[in-house]
Structures are given as structure tokens and as C-alpha cells.
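Letters A, B, C and D name the chains as they come in the text, with residue numbers starting at 1 for each one.
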Amino acid sequence: MRDQVILRVVSKITAPFILVFGFYVIAHGELGPGGGFQGGVVLASAFILYGLVFGLAELDAIVPRRVTDGLAGAGVLLYVVVGLVGIVSGYRFLDYTPLRVTGSESAESWGMTLVEYGVGITVASVMITVYREVSQAGAAEK
Amino acid sequence: MIRNHLPALIVIVPLLVALVMPVLGRGDKPWLLATLASWASFAMTIVLQVQVSGLLRNPAATPAIISYPIGNWQVPWGIEFRVDALNAFILLVVAMISAVVTFYARLSVAHAIPPERVRFFYSAWLLFISGLLGVTMSGDVFNVYVLIEISALASYTLVAMGRYQNRKALQGSINYLVLGTIGAGFFLIGVGYLYSVTGTLNMADLSTRLEPLHDNRAVITAFAFLLVGLSVKMALFPLHGWLPDAHGYAPPIVSALLSGVAIKVGAYIMFRLAFTVLGVEFTFAKLPTGPVIWLFATLAILVGSYTAIQQTSLKRLLAYSSVAQIGYIALGFSLANENGLTGALVHIFNHALMKSGLFLVAGIIAYRLGESEIGALAGLGRKMPFTMAALTAGGLGLIGVPLTSGFVSKWYLVSGAIDRGLFPLAFVVLVGSMLAVIYVWKVVEIVYFRPASDSAAKVTEAPWSLVFPAWILVGASLYFGIDASLSSGLAQEAARFLLSQS
Amino acid sequence: MTIIEFLLLDVILLCLLIVTSVTIFVLHNLLAATMVLSLYSLVMSLVWLNLDAADVALTEAAVGAGIATVLLIGALVVVGAEERKHPLIHWPALVLIALTTAALVYGTFDLPPFGAASAPAQAHVAPEYISQSVPKLHSGDYGSAKNAEDQPTSDNFHGHVPNLVTSVIVNYCAYDTLFEVAVIFAAGVSLVLLLGRRVAGNGGEP
Amino acid sequence: MPFFELYNYWIFILLMMIGLYTIIASPNLVKKIIGLSVFQTAIFLFFISLSKVAEGTVPVTVPPAEVYSNPLPHALVLTAIVVSVSTMAVALAILMNIKQAYGTVEEDEVDQAEAH
């Protein structure tokens, strides 16, 4: 598909919008349907689209394997760290109280937001890894 | 501060280390971190055991129950970790075996897995351990499902890693996956039925709300499905079909943890549901659980031992022996009296030591010889004296020779059967031991009384970093055969706790 | 939407589910079976939407009809898309299924009626999730199950998250969710272990 | 009439059994994995059926409504869906390895290859 100029241009233009939409879905989870998992899938789809159009090598150039490997762990790590903050500040594991936004009536907490982003990061990186491994296995078969 | 958060930290430490594994390089660093994490969990488990057990406090007291509501949400709304005499004991077994096996893993993994994958291997390994530790403590039935699934998912992959030695590992892995997922599905249906009639997922809350519902047909169905699902996970006959291939062809350290610990965790959940959630009254008086389980337990002991005799591969022999040993645990469960339960629980402890030790020995043999056919062991008694002594000592434990820990468990089981007046069951335990004599002797005879083949002539003793951990486990199993006061004391405490729940 | 409309839609969609699932079994072309599976997922997500589970429906549509389909197609490229013909009747399986069905149906007779507002699942625990007034404990200590310090505080969590499902996921069931993400991570690690990097000259490997 | 009270549960059982039958009766391993997906999704249908309250609405409080369906089973199923798709990914990866090692993904052919 590398010769398809329209595809190349369109996918380059849409990728940032898909990314923004992904973050929107993650952030929107508290208000309506959506959340970390769904948003993560959307985020990954931007990269997968890029990989489909420009090939795996190009995708590796933008997001090296080490980055996705690291981020896959980092997302869960963010989640665990939010949990540990609860312990360190004298509450229990996964207690979001210390991460509350002070002065906010709705008692919205950073904990919930960070946790959602943690989920999104892991889901997105694993989806990219899955796409990579499966399409590589398919390419090796040919 | 740490003292108050042990239930959360025991699970989180291995998980945390698993997460950073993929960014580590090659070399020994992944192994070192994994070992540190598993020993840290083990150390915390010991502290937790002391906090819970009445036996280890001075003066001896009744065992405590520790509740750790995660996120500080009040139970039953939030998820709770609940540690009592029963799961503190199981937790100790899980953490202890994981720690020793991880310590052993370095050379064995380097031998079995391509170097660029080793760090991912340890990542999956720690996720497996973390899941098992979590299942043991969780007080929420759906949380148990999620944790069972994470440890199972990691173990499917770990089993498949045996393909570098034998492609049959892949077949074993996919069968394990399909059956394991169906088993988990059945468990989930049971959870759903219970939820629909009680409206709760918390085990303690379930047990109070189920009290008036013992005649409810949905509860009976739920119990049946939970039992079947868990029987798949613990490989109770006739649902053991996945075990021999998965345990027989996985990398040795994976077999050690699967056979020693993973199937026991399934058995633990069965104890938990039958005694503390549904209650003795419902499980054993209202439903014919006792006879059904002892029927299958008997068949497991006889068929498992008999099939073990016919095996030509050491690891498959050990795998079939595990089928039989799960039979003993189920037998003790079905007796539902103090001696029977003590026997089952102490056998969980003893068998974990023996079987993991023996799989580590099988790993040493694979490391030195590159195969695990029993015929290849001929004459190794002189070439690898320490390894073969461990093999023999572990084998004697499987038989249940006096002064080994296997004897202690069988003693309790036989007395439990006699207490109930079920003499045929006591007889089955004895027949099982006779069959074990045959399969153990088959190996020992080849090791010590056959001349070494040409290829074996150059074999030397394995490095101490492999032999020593194997001997820790086998040695411990010998020690707890001679002085069983600690192991059977804790098991007895747990058994009394279970019987006091109804 | 009236009850009748709801039931009608539910029944029609459920019939579609039966048709698609049987078709999946009968088809010998695995690519076709994959397509029908994604149809099954889509219909299922419509059923769930009809049953008020918008979040789940969205996820099922993305996962079942999206990710699972892509995964299956990727796998079929490698393993081949044609299933060998086999007899459709498998007696041991039929016996097993008959027994399982009997056990499950036996249990349904004591389940609360479908949609009942008085069912235990609706009456216990759930109201506090919906009003987001779950009591919160105060201390970080424990000693025994009934710790005197562990009284609910007046400082309840009155955070109001409009999406109640998200509220349950990230608050009360946060631990499940943590391990859900860990499962995804485990799947990623597994794929690297099982498939990874077998093509020579790949980048990024140290 | 029990039918209208319970039919949703019976359909879940039927779908689950079709999935289970596909798993057991198909010798092709990919088909088994597809069957597994049908089986698991049917169990999720059971949980969602439990959450439904007649005349209830989607559990989102904007705009406010009188009756909401129960959000807890929704949360459980979300978790379970993710677990099931992860299992499927691992299963398919193992199958690709089996194809590489044995040249087939038909169960009986794999068994035969091993017997020789």
C-alpha cells in the first residue's frame, strides 16, 4: 500500500485526530460510555493504521519495540503507584483519598483519572505489540 | 507501616517487578530481581502467618482473622482480602515453593529458553506467582476468578515454552488452555448463580446470606458448577486430562510450580467454598458431596498411580503421580472430619515440597543429559550422587515411608477414614502407597543398579546452584517427616478453623 | 419503549444469536466462521444495549467484532482457513451437553424472574453503588476482622461520577480492574514470548 | 408464566451449549477457539441479564432517571471480556506455533504426528 498517495496522506492527516479522540474517550469515561480500555484501543488504532499503510519498519521507526515494551508495563505501574500512594499516606491500597483535588465540590480525585490513563497506556501498547507480532508472523509465513 | 499492609504487598511486589522486566537487558538481572521479589513475598508471608496463627504466638491463642478492605471501601461493597488460619497456611506453601524454585531457575531457564526471551519469561513467571498469591487471599469470588485467570494465562504461555525441548509442550499447552478456560467458565457461571440469588460477591457476606437458601435449586446448581470448574483447575480425576502433557513437557521449573502449587490453589478454593462459604451442613449433609468426591478421589489415586508405573519419561511419571496425590487431598476433603482435613492440608504442604523438589531434580537431569527418559538415568547413582539421592529421598516421600513427610499425611488420612468408619478408603490409601512403591522403585533400580551407558559415562554432578535448591525442598520434606509439629500443627489449626465455621 | 417492544426486540435478537452461533459450528471455512463470529458479537452487543449495558455493548463491539476478528484473521493467514470436514454429530459431546443443560435449567427455576426490581442482586449492595454512597473506612490499620477503628467515617466518598459503571470499575472494583490490566500486560508478554522476534534483522533488540 | 420470567436465562444456556459443542465436536483447533469465544460471550449474556431492571435505564446519571439497571454486573463483564480476548490472543499465538511445529492445526493430525 506504499504507492497509494491518497492513503498515505489521509492516514498521516487523520492519525493525530484519532489520537486526540483516544484521549477524549479515556477522559470521557467518567461521564458517559468509554474509559481507559476503549480509549486505549482507539489510541492503538492510530498506530496500527500507520503500520498498515507505511509498513512495520516505519512503525518501528516511530515507536520502537522497547518503547511499547516499556509503556505496557508503565501503564500498570502507574496504576500500582496510585494504589501505593494510598498506603504511603496512611490509608490503604488503592484508596484515592490522598489524591483528591482540594477544594472541589464533586470530590473528583486524581486517582481515578490517573488510573484510567494507566489502563489506556497499557492497552494501547499491548495492542500495538499484538498487531506487530501477529502481522510479523503472517509475513514470515509468506 | 508495612506490617499493616502485608496482604496487599505480598501480591503487589511480584507484580511490580513483573512490570519492569521487559525493559531489562539480557544476563542475570531479570533472574536476580525475580528472586528478590519472590523472597520478599515469602518473608512477608511468614510475618503474616505469625500474625494470624495462634500456634506461633506465645501463649498459644485462637487464630486471628485479618481483613484488608482494598481502597478502604466497606465490605461487602469493596473487595476484601481476608486471611485466616486456612489461607495463611496455603499462602505459606505458595510463597515458599515459589521462592525456592525462582532461586533455582537461573541455569535451568538459561538452558531451556533463548536468551532474548528470558526477561519476558520471568515477567510471565512473576505474573503467575502474583496471581496464585492473590487467589489465596482474596475474599471476593469474582476477584478469585480474575486472579485465577491471570495466573492461568501466564501458565499457558510458560507451559508452551517447553517447546524448545519438545514440541509436545505446545499440544499440552493448548489442551490446558481450552480445558482451563472451560473450567473457569463453569466457575463464573457458579458465581453468577450465587450472585443472582444473594446479590453479593463477598465470601463472608455470601455465607450469611446463603444460610436461609440451602434448599434453593440455583444454589445447588451453583455449587455443582463451582465444584466442576475447580476440579478442572486442580486436575481431579476424571478432569485431569490436561495435566500429564502440560506438566510433563513444560520447562522443569514451570512443572515444579504447577504441580507443587498451582493445582493446590484450586484445591484450596474448593475447601474455602465448601466449608466457609456454603458450610459443612450444606456441602456434606444436604448434598452427597462426600461420596461423590471420595469416589473420584479413589479413582484418581488408583488410576493415577497405575498410569505412572507405565511411563517411560521421568517428568510424565511425576505428572501422573500428581494426579494420584491430588486424589489424596480430595479424599481428605471428602472425609470432612478433623483428621481427614488435617491430612489433606498437611499433604498440600508436604506434597508441594516433595513434588517441586522432584521436578527440580528432573530439571537437573534435563540440564545435564538434555532429556528426561528414565532409561537414560542408568548408572547415574555414582555419577551424580547428590542429585540422585534427592531423587530417591523425594520418591520415598511419595510412597509415604515412615520418617518421610508423606507418611505424616497418610497417617492423618488413614485415621480420618477410620474415624468415619470408612475402612475401604483407608485401604485405598495403602494400595496407592503400594503402587507408588512400584513406580518409585522402577526409577531407583535403574539409577543405582544398571550399568551406565557410554553417553552417561562422562556425566558429572550438576552445579551446586541447581542441586542446593532441590535439596532445600527435599531436605525440608525429610525434616517435616521427622518433626511434623510445625507443619501438622498449622494444618490442624486450619482444619479446626474450617470445622468451626458451620 | 414499552415492555412489549423491549421483549420483542430482545427475542428477535436472541433468535439471531442462536442462528449465528449454529452457523459458526456448521461452517467449514474458518474465515467465514470468523465473520459470522463478529456478527454474533455485534448482535450480542445490540442485545446488551437493549438490556441497558451501554458500556459493555461498546466494548463488546470493539473487542468481539474488532480485535478478536483481526486476531483471528491474522492467525488464519498463518494456520490456513479451511477446516477438514468432520461429522456434525458427536455423541459424547451431546450427552455431556444434555447433562450440563439439565443442571443449568434446574437451577434457573429458583432464579429471580428476569427484570425483577426486587431481585437480591438489585436490592442488596447495588443501591449504594447507584447512589454512590458506599461507606468508606477510615484507618489504614488492621488487627482483626472487626477492628474498632474501622468504623465508617462521616467523610464518605460523595464523589459523583455520572457513569456508574466507571464509578464501580475504578472505585469499588479497582482491584479487579488492576488485574484486568495486568491480564492485558500478560497477554502482551505472552505474545512476545510465543511469536516474538523470529524474523531476522528486526530492530530494537539489544 | 415461567417462560417470560426465565427465557433469557434459557437462551444463555442454549448459546453456551452451542459453544461447548463446537469446542468438543470440532477437531480443528481454531474452531475450538472460536467456540470458546461463543461459550464465554454467552456467560456474559447471563450476567447482563441479571443486571436488567424492568423499566430501568442505562446506569449513567446524566440525565437523571427513576430506575437504573444494576451497574455491578456491567463492571464484572467488562473485566471478563478483556480476560477472554487476552486468552484468545494467547491461544491463537500457541496455534501459530503448533502450525509451525506440526504443519497442521487439526487435533487428530497433531496426535498422529506425535504417535510416529
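Operating definition for what follows: a residue touches a chain if its C-beta (ideal position, glycine included) is under 8 Å from a C-beta of that chain, and two chains touch if they have at least 3 such contacts.
All values derive from a computational prediction rather than experimental measurement.
Select, from B-D and A-D, the pair of chains that is joined by more C-beta pairs in contact.
Comparing B-D with A-D, the pair joined by more C-beta contacts is B-D.
What whole-number Å value describes the gap between the mean CA coordinates of chain B and chain C?
Whole-Å distance between the two chain centres: 29.
With chain centres taken as the means of their Cα atoms, state the distance from chain A to chain D in Å.
Roughly 25 Å, centre to centre.
Express in whole angstrom the distance between the two chain centres, defined as the mean CA positions of chain A and chain B.
36
Counting only residues that touch at least 2 other chains, which ones in chain D make the list?
Counting only residues that touch two or more other chains, chain D contributes 16, 20, 33, 50, 60, 62, 73, 76, 78-79, 82-83, 86-87, 89-90, 92-98.
When you check chain C against every other chain, which residues touch at least two of them?
54-55, 59, 63, 67, 71, 74-75, 78, 104, 108-109, 111, 119, 121-122, 125-126, 129, 136-137, 140, 160, 162-163, 167, 169, 171, 173-177, 180, 182-187, 189-192, 194-196, 205-206 - these are the residues of chain C that touch more than one other chain.
Could you check chain A for residues that touch two or more other chains and list them?
If we look for residues of chain A contacting two or more partner chains, we find 31-33, 37, 66, 69, 72-73, 76, 80, 83, 86-87, 91-97, 130, 133-134, 137.
Taking touching chains as linked, do they make an open path (line), a single closed cycle (ring), a hub with spokes (star), an all-linked set (complete), or other?
Per interface graph, the chains form a complete graph.
Would you pull the chain D residues touching chain B in the complex into a rising list?
16, 20, 23, 29, 32-33, 36, 39-40, 43, 46-47, 50, 73, 76, 79-80, 83, 86-87, 90-91, 94-95, 97-98, 101-102, 110, 114
For the complex, give me every residue of chain C touching chain B.
103-104, 106-112, 119-126, 128-129, 134-138, 140-145, 147, 150, 152, 171-176, 179-180, 182-183, 185-187, 189-190, 192-194, 196-197, 205-206
Under the stated contact criterion, what part of chain A meets chain B in this complex?
On the chain A side, the touching residues are 66, 69-70, 72-74, 76-77, 80, 83-84, 86-88, 91-97.
Residue numbers of chain C touching chain A in their complex, please.
Contact set of chain C toward chain A: 54-55, 58-59, 62-63, 66-67, 70-71, 74-75, 77-78, 136-137, 140, 157-163, 166-167, 169-171, 174-175, 177-178, 181-182, 184-185, 187-189, 191-192, 195-196, 198-199, 202-206.
Spell out the residues on chain A that touch chain C in their complex, using ranges where they run on.
Within the complex, chain A contacts chain C at residues 29-38, 41, 57, 60-61, 64-66, 69, 72-73, 75-76, 79-80, 83, 86-87, 90-97, 106-109, 111-112, 115-116, 118-119, 122-123, 125-127, 129-131, 133-141.
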